[in-house]
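For reference, chains read A, B and C in written order, and residue numbers begin at 1 within each chain.
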Amino acid sequence: MGLKGRDIVSVTDFSKEDVDSIMRTAKKLEPLTKEGSDLLKGKVLGTLFFEPSTRTRLSFETAMIRLGGSVIGFAEPGTSSIAKGETLADTVRVVENYADILVIRHPLEGSSRLAADYSSIPVINAGAGSEEHPTQAFLDLYTMWRELGKVDGLNIAIVGDLKYGRTVHSLAYLLSKYRVNLFFVSPPTLRIREEVSGDLRKLGTKFEERTDIKEVLPMIDVLYLTRIQKERFPDLAEYEKVKGYYRITTELLKEAKGNMIILHPLPRLDEIDVAVDATPHARYFKQVFYGVVTRMAILALVLGAVD
Amino acid sequence: MGLKGRDIVSVTDFSKEDVDSIMRTAKKLEPLTKEGSDLLKGKVLGTLFFEPSTRTRLSFETAMIRLGGSVIGFAEPGTSSIAKGETLADTVRVVENYADILVIRHPLEGSSRLAADYSSIPVINAGAGSEEHPTQAFLDLYTMWRELGKVDGLNIAIVGDLKYGRTVHSLAYLLSKYRVNLFFVSPPTLRIREEVSGDLRKLGTKFEERTDIKEVLPMIDVLYLTRIQKERFPDLAEYEKVKGYYRITTELLKEAKGNMIILHPLPRLDEIDVAVDATPHARYFKQVFYGVVTRMAILALVLGAVD
Amino acid sequence: MGLKGRDIVSVTDFSKEDVDSIMRTAKKLEPLTKEGSDLLKGKVLGTLFFEPSTRTRLSFETAMIRLGGSVIGFAEPGTSSIAKGETLADTVRVVENYADILVIRHPLEGSSRLAADYSSIPVINAGAGSEEHPTQAFLDLYTMWRELGKVDGLNIAIVGDLKYGRTVHSLAYLLSKYRVNLFFVSPPTLRIREEVSGDLRKLGTKFEERTDIKEVLPMIDVLYLTRIQKERFPDLAEYEKVKGYYRITTELLKEAKGNMIILHPLPRLDEIDVAVDATPHARYFKQVFYGVVTRMAILALVLGAVD
């Protein structure tokens, strides 16, 4: 089964073959980021951001435009009278008349699954509550593959807020399709959720939980950092305690392998010292570029413009 | 006189021949919603929303994009420093240098007429205060015609807030060009304005005013519901009294003709029970699609791309 | 050295030859405002407005679209989670992966120079604090040239807020490349900054400072008015004192030469009586049109689509 016409709600909906097809297509379309293309000419992407996320929104818009398509939508709930007192189901049944594919970011978990159920056109989940953010996971994977040449066999540390960070869950599930060694590094209060680690155990994914980043640093090929997100903390005092717990500095990186790469979903606050930007480890801005490429692949595949 | 170069401020500005031309053109352009087109390639639509209305804005944007054109503009006054302390006349004389056609939504009655007076390019009224909303009326008419095959001879009930609802006035004037039987159904405090009913009487339009929806339900071909809009009520207590006065349920619909269709300008709140969505009567989401089509026709005609 | 690939941060970065090339290109591209073009097909402009400015933003967007390009971006900081706690340097290194050229408006002086330093793609300053606004100056110059047929030899009065008005500084520096006679007319508290007048003296630009507009009116070819901008005043009482100090009326204009032209960066508040709009002196709306044209030239030159 190809990707055409499918919703992108959770990485768990996709087979390894599906994921490989996204990776291969992304690589094939990569040159079009500069050349442009008419692959999606006449197609319209609807961006429904019930929660602002300029970065993700612009990444999708760029992907659509680079393939020759167009974009309509709203960038935040304030601009959106469409949302005022209207159910998400109704909003979806309105905007499906405007676009060929929808990208939805919404504060509530389950929102994009619900949208997909009501929509006659494909729906892409661009983040829902502290749940999944599948296209971020796909672009993270693509970045590892493009920068290191492989995924199988990699030692990958995922560091920071593993409890509330929505990118982490999608990424962990996605990596479970490959033969990787995962290290989940977090303060005790922000450990990966039991439901996620339980699932990974069932899937046979090798992982360890740690609290000290220094222990894993010499072993890893990928250091995946996440922001400790204030807005995910019910208790502010707890936030203040763990903030900056794993701050990456050039000093710390002396323990790392020479070709270890650092990824981050951005925005980066204090987690990575700016001096690190100049090291060959830093790939978090290149990752942004791969994000456009990966989303181009997803849009083109789902809209049936490539197979 | 064709539509080319004309402003779309009020339905009363148009002859029956004009209206028929919009209907015919809409039907002709309908396939382009999926195929896309280069009919308006190089043309720019300026959307000036001094009052947010995501639904109407996205409908116009989609119509423009499906015909190959582009869109600039602002979605709400906050984003619009252009509006800060500047007269509408000045704003119009600025943006007419950017676009080929303008769509304006503004909280004040008379605003789009004023804009049209100052603008050297065509102006489309997308709602002004509790006044007219002509393109909504055109799309309502198009929906009736497409779904029922004719307009003459239809029995049409317009239900809900007939005093403050801006879509109602435009629709009533537009339907007065056809041989229809209108039923205005509302609570006594929200009766259609005397100036509108007076005009209809002069035009020879057959209409009756009712308060009980059950009386008219067995007779009608079209049930046009409107939202009781809180923001149009000077007195909140009055709003609370009439809210949900005419709630449509599957139970109530047992009294209706089998091929009776329900329309609604949306958003729908409590006026229509969600169980109604699954009945063959529900056409309010199809109506959204026809909205794009009708606006494509209007843009193409006014910009002279078809005749 | 051509304009290709260069940043547009300050008018002082450009030689007279560069400026002439912008003027010539603008005139050449002027017909494309109506015809449209594919000159920048496939190119993407990123608009980063950390401070709202609908007028400038729409002008750039129109310029890009008229040349066949596309636009992504944000219109105000609220919509922009990209800005939330992220350094400008990081934001730039993200969005340079989305666009081919960036336009930045930011409340802080020095911001667009910093953005240009970090960006691998060209950056255009669309206003930074009370500092320069170079594309406004280029369009002002273009308007004078197109409306009066020359720049050398013109007597130009720049009137109003010469201290805080950011358009004034860029314009004064730009005009210093030509043989013009400048009159700076302002209340004593809003005199042109010493650093600017000092620079002009060194450049050999002929200028006089005045407080009474009537003295200069009979001598000038161009009356360049600026708004007394409330938001630039640390002290509101001072604002109230000077507001409307130089209000232009048809009565006052009796003293002017017949072919004297009035320019204004807009929005106009009380500075120009609306009765002036109907006189042949008024060119401030035509100036808006020339703004699109000038920005088309800048985009096309910097992106290397013309030379």
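Following the convention adopted for this analysis, a residue touches a chain if its C-beta (ideal position, glycine included) is under 8 Å from a C-beta of that chain, and two chains touch if they have at least 3 such contacts.
Nothing here was measured: the structure is a model prediction, and the numbers come from that model.
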Fill in: Shared interface partners, meaning chains that touch chain A and chain B
C
Discussion item. Do chain B and chain C, two copies of one chain sequence, contact each other through the same residue numbers, with over half in common, or through different ones?
Written reply: different
Worksheet entry | Separation of mean Cα positions, chain C and chain B [Å, integer] | 40
Item to complete: Could you check chain B for residues that touch two or more other chains and list them?
Response: 78-79
Response to the item:
The residues of chain A that touch chain B in their complex are 41-44, 46, 70, 72-74, 78-87, 89-90, 93-95, 97-99
Worksheet item: Along chain C, where are the residues that touch chain B in the complex?
Response: 35-37, 52-55, 58-59, 61-62, 65-66, 75-76, 78-79, 266-269, 274, 285, 288-289, 291-292
